[in-house]
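Presented sequentially are two complexes of subunit A, the first with subunit B as partner and the second with subunit C.
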Partner chain A sequence: MAEHGLKPLCALGEAAPKAVTIGPVTITERADVALASLAPRRGREDEVRAKAAGIGLPLPGPAAAQAGAPLGAVWLTPEIWLVEAPFDSHEDILGHLKPVFGDAASITEQTDAWVRLDVTGRDLPRLFERLCNVDLAEVPDGFATRTVIEHLGVTLIRRSAGEVTLYGPRSSAGSLLHALEVAAVSAF
Partner chain B sequence: MSQSHRIDGGQIDRSRTFRFRFDGVGYNGHPGDTLASALLANGVRLMGRSFKYHRPRGPMTAGSEEPNALVELRTGARQEPNTRATVAELFDGMRAQSQNRWPSLRFDALSVNDRLNTFFTAGFYYKTFMWPAAFWEKVYEPIIRRAAGLGSLSAKHDPDVYDKGFLHCDLLVIGAGPAGLMATLTAGRAGLRVILADEDFRMGGRLNAETFTIGDQSGAGWAEATVAELASLPNVRLMPRTTVIGAFDHGVYGAVERVADHLPEPAPGQPRQILWRIYAGRTVLAGGATERPIAFPDNDRPGILLAGALRAYANRWGVAVGKRVAVFTNNDDGWRTAHDLAAKGIEVVAVIDPREDGPEAGSLRAIRGGEVVATKGRLGLTEITVRSGKGRLETLRVEALGVSGGWNPNVNITSHHRSRPVWDEDIAAFVPGAGGPPGLMAAGAAAGRLSTHGALASGQAAALEVAEALGKQATADTLPQAEDAPVNIRPLWQVAKEGRAWIDQQNDVTVKDVKLAHQENFTSVEHLKRYTTLGMATDQGKTGNVLGLAIMAELTGRSIPETGTTIYRPPYTPVAMGALAGRSRGREFKPFRLTPSHKWATEQGAVFVEVGMWLRAQWFPRPGETHWRQSVDREVLQTRKSVGICDVTTLGKIDIQGTDAGAFLNRVYANTFATLPVGKCRYGLMLREDGIVYDDGTTARMGENEYVMTTTTANAVGVFRHLEYCRQCLWPDMDVQIISTTEAWAQFSVAGPNARNLLEKIVDQDISDAAFPYMGAGNVTVCGGLRARLFRISFSGELAYEIAVPTRYGDALIRRLVAEGKEFDAVVYGTEALGVMRVEKGHVAGNELNGQTTALNMGLGKMVSKKKDSIGMVLSQREGMVTEDGLRLVGVKPVKPDGKLEAGSHFLPIGARPVLANDGGWLTSKVYSPHLGCDIALGYLKGGTDKIGQRMRAVNLLTGLDTEVEIVSPHFFDPEGERLRG
Partner chain C sequence: MLIPHPILGPRDAQEFVYLGDAALIDRPDGMTAGVEEFHDYLYQRDNPAGVHRELWYHEQGDRSWLVVTRDTVTHEILGAELARDVARARGRSK
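Here is the complex of A and B:
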């Protein structure tokens, strides 16, 4: 517990992350990831790539995500990445990144802007074909895209055939989980 | 009841028996039956009544094109009207009712319409219900509504759920007849991702209804074996019970899968139907062909079916529709019916062929050059009258008549992008024309290849072409032997004989109606359709359209291709509204957004209001409060007296960074931002291109090149989109990066004289007036180290701050604020109190920012800087928008303290009539001010600034309100702003 003594709530409204299993699929809320957006300032793209390489931060190309330890990244749009880091060690993620990139990049804390749901299990395409227009069976591991699930803008990452990460708007975490649950009941 | 008309053979499971009821009478059927086949097996031919004349009707077809056999399926909340019995898959316990009849199907009082048919000709409504105009809504419409319609709705909530989904494939094959199966097999073996969708529950198409062979197997056997092989291929997805309803843009096809319609009810959580959006690289339409009738007098009696349907019932379902039958055909295919039925031991009394040169009759009796000129049988066919080629009339007693006027390829989907089909003389039918949906080609009967061999060959050729286009190797395997009979047909559209001859049986359109349309010069097919309602019923004229336009062609002397067709549109067959809605109904119509304090607010019994997708606390009732005003008044008074806390997370927050961030803000805001010092915030006004106010909010400068913009709750997404547009499209050279942080921070307003005292207990840094003055902004820490942002801004007119922490700590922070606020008697207030205080202070909000008003209207004209360029600046100076006597924001108070005000009321001079010429403007927002003890309002009043101190009336003609009011400054409360700077 931090000194401030304020008890955090997870995006789904409970003190502990939720996990739900429906048929062959398990949906797990993740509250242990710190996030920040990283966008190179104009004309300083190469400098940012070099600095990122220096701290082992991958900056994958379009429609891709790359995990790393401790830092991973998801391509969001041209020249904007979502940096992932362990929350415990990187809660103040700006404190870690800003000293590295200085004024070469615009960096914004995004940790609590999103709810992260990891969906694991077999036959995930059967679930996601009820949810969004991503061709999950065909895209490669590490594929990342912005898509829409039940009106909600979501970033979807295929980690592997059996694992998908969703970053959805935190305030609608309950609605997003509900959409996944009813689709899973329907599909399986 | 025994299945009196069941004969040997067919693809039904006789080992199991289903019990079902139609109009309350119990019957038996088997798995594999449709409702229609099961009823026919029980000797029931009468299944419905027609739309206009209430004529007794039975099934005409054995498929989705059925115009007549429409029933209400199931009971209670699941009752569905206008269900085609010919495609309703039988299940145990099925309940069905006939419709559009009273009191019973056999005796229908409204069949009097049939006697009055002389009056109910085409255009009857247009000619009859014209005068007097006063009768239109009060008399005619109720009468027409009562008489119209087919089935009835239960008016209960649909208990089932519906899904939607998205599929992707290299090749979508529509239809699983011989062409579709061969196309799928060829592409599937080549490794393409193929989706094969078929509306039937049994794949095979006409192969299930015919007796001819493919290779050394029966057609149905070949289909079954092929489906089995396809099912073993992981790259092929078989979708039976799935109707492709339309071709949309960019290779997207819509399809409805009936997941549970063949079950008594869906399993828990299982959707009844799924609306699929299919993204197809290429598409092969192998949707087959639909047989068309011939128009002859009284050709609509139960027992008169299309010839292909008659043999389908015998071959696929083991049903003899009648034990004595005749066939009336102008083409060789119709003869198949006679041969197949005869082979099954059904008595075929004659084949009537208007041609003299039809095929060999064998043991059948042929009446060559003959035509059917009359029929009898009130509730079902009993006899037909045939006129031979020599003009001799003969009456034949029959229970069923198979009619074939030829086959129309199902071109519908090829025309969904407005491609027109072309007439093919060889088969006397329309075939797909050029310019169909890109990537789509037709094969088999849908392409006019009406033999089995033609279907197999064209299905294979289509798949080979698709494979080549997609760079895949496909093999042209040797095709199995199959019949390849040529199409021999001599078009016959109508029999020349007096009497009513039906073209469109569902909408009761007869040859006479087409003649009348011609006589009254509605000769274009589009006019013909609308004047006679030809093809406008739920079957969209699948059996009648070509017949109708061919008869019109005969009347006008034009050719059929010159006459043309109407446009085919999606959906191909009717779609349940539930399938279109999917899960978007009731509370699941849209997702909710919950504020960080939602859990706490729920614990307090807060009353919530929907603001866009957000659920915001509207007020927090305390024990003893029986009216919302009591709660709101308390929250306002307590805030103004001491301190109030409000969750304002819903306001949009946008991080704007980059070396050009300040210059960027200067362009998107009408007022100046480049001069804003670090650590300060400023109210900003954003205009649209046309000079109208778009949004407002405060923007804080958190660092040299870092800003945090706030927007209104309603426009948060729109403003972000607008900024992205500006950044990416208008000024791509600027160094600006933006990202939304609305959800990342839990933000609370802390307002009132004790706001600072409360926050000093929480914020770790010095926030005295000197250290953190009015409009200050900065990063701080709270509660001993949690990173936070603090802004000294006020929407209430009080000394006020907004404090933000990472969202996960929002719940803890409000609990801490409430706990620490106890010594000040702090109150948490909702959106109602927020609204009261902002009106008391004269701040504009959504009601004032309504997309019609300018900065000048709001009294903020001076904020629009002319020293710099910004979006909307130039057009905000247009002549009509800067007039001196234009609308100005004013405050309004009733002259008598108990006088009532209503938003939406209009300003009128005292004594003036309530007409537009006297209209002075309108009241935008009204609240009850507990501070002033009366209703107060804001409003836009013409020349309002000069009218302050004057008296007018607030008039609402809708509610009868007419209150004398005093025009005052919009700043009801602390006009000098001493409190907020305190």
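Here is the complex of A and C:
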């Protein structure tokens, strides 16, 4: 490896992931997740399902996300999932997935395309009713959808009543955090 | 206005982008169709007062294209299907 003096930065621009607490809510940047999109080629959906089952990768139905160890997945649109894996063990996520699926699926690395913010705490619906269309109090655990927060297309996942995961565009990470902070100050 | 997404259920129309007449799916074959046919495909639209089939894109959602059947007089939405399914049913493969 060549010697260089470069330092990796997190999506919010600092050397370590940022965490902000406002009232009962904590917003935590997550830099420890590797991502890839998985799209079965047409006519090979059953083959992809079988291969996914073979490596313990869940492929949840519409508007759902399923965590797993080590692999989890989020439904994005018909026949496309976002695969989540621990960064430490799966930094080269394509190297893990491509040999499994071969040419049965199109797989694209997404790790550095997104900023992941985990929002935890109580009264989360009070926060998100100010931010987006999703009725967080009504949707079930494991619900996942794309929605708009402050003009940004964001994938929102309700992990539980007290935990929400957001995937937003990485280049707008600061704007997304700002939107969450402003809404949190207003709500609490 | 709510669009009854065939997979995701009712979704706010603000999440969608409107394209226009669903006849856009029926693009003429570029190798065989004449210039008249392409002219009509590009420029000629019916503008019915009543039931209209149109393309909507769920841009701020799952990014699927839908064919929405809407009454242009009352704005009642009579149905929505995935444009993919509509196109395949018409023999379009892509």
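We adopt the following convention: the second predicted complex is superposed on the first by the 182 of 188 C-alpha atoms of A that agree within 3 Å, B and C clash if a C-alpha of one lies under 4 Å from a C-alpha of the other, contacts with A are read in each partner's own complex, and residues count from 1 in each chain.
Just so we're on the same page, a contact is a pair of C-beta atoms (placed from the backbone, for glycine too) under 8 Å apart; a residue touches a chain by one contact, two chains touch by 3 or more.
Since we're looking at a predicted model, the values are computed, not measured.
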**Item:** Which of subunit B and subunit C A:Gly56 touches, first, second, both or neither
**Value:** neither
**Request:** Name the contact category of A:Val148: first (subunit B only), second (subunit C only), both, or neither.
**Result:** second
**Asked** So, does A:Gly174 touch the first partner subunit B, the second partner subunit C, both, or neither?
**Response** first
**Touch count on subunit A, higher of subunit B and subunit C** = B
**Request:** For A:Lys7, decide between first (touching subunit B), second (touching subunit C), both and neither.
**Result:** first
**Prompt:** Does subunit B (first) or subunit C (second) touch A:Asn133, or do both, or does neither?
**Reply:** both
**Message:** Quick one: is A:Gly102 in contact with subunit B, with subunit C, with both, or with neither? Answer first, second, both or neither.
**Reply:** neither
**Prompt:** Once the two structures are fitted together, what part of subunit A is touched by subunit B and by subunit C alike?
**Reply:** 133
**Complete:** Given the complex, residues on subunit A that touch subunit B span 2-11, 13, 31, 37, 39, 41-43, 80, 92, 103, 106, 108-114, 129-135, 137-138, 150-152, 169-176, 178-179, 182-183, 185-186
**Asked** For subunit B, which residues are in contact with subunit A within the complex?
**Response** 161, 163-168, 193, 268-271, 274, 277, 279, 583, 588, 590-596, 598-599, 613-614, 649, 655, 657-660, 705-706, 733-735, 737, 739-746, 781-787, 805-813, 816
**Prompt:** What part of subunit C is in contact with subunit A in the complex they form?
**Reply:** 7-8, 11-12, 14-15, 59-64, 82, 84
**Complete:** Interface with subunit C, subunit A side, in the complex: residues 62-63, 76-78, 133, 145-148, 153
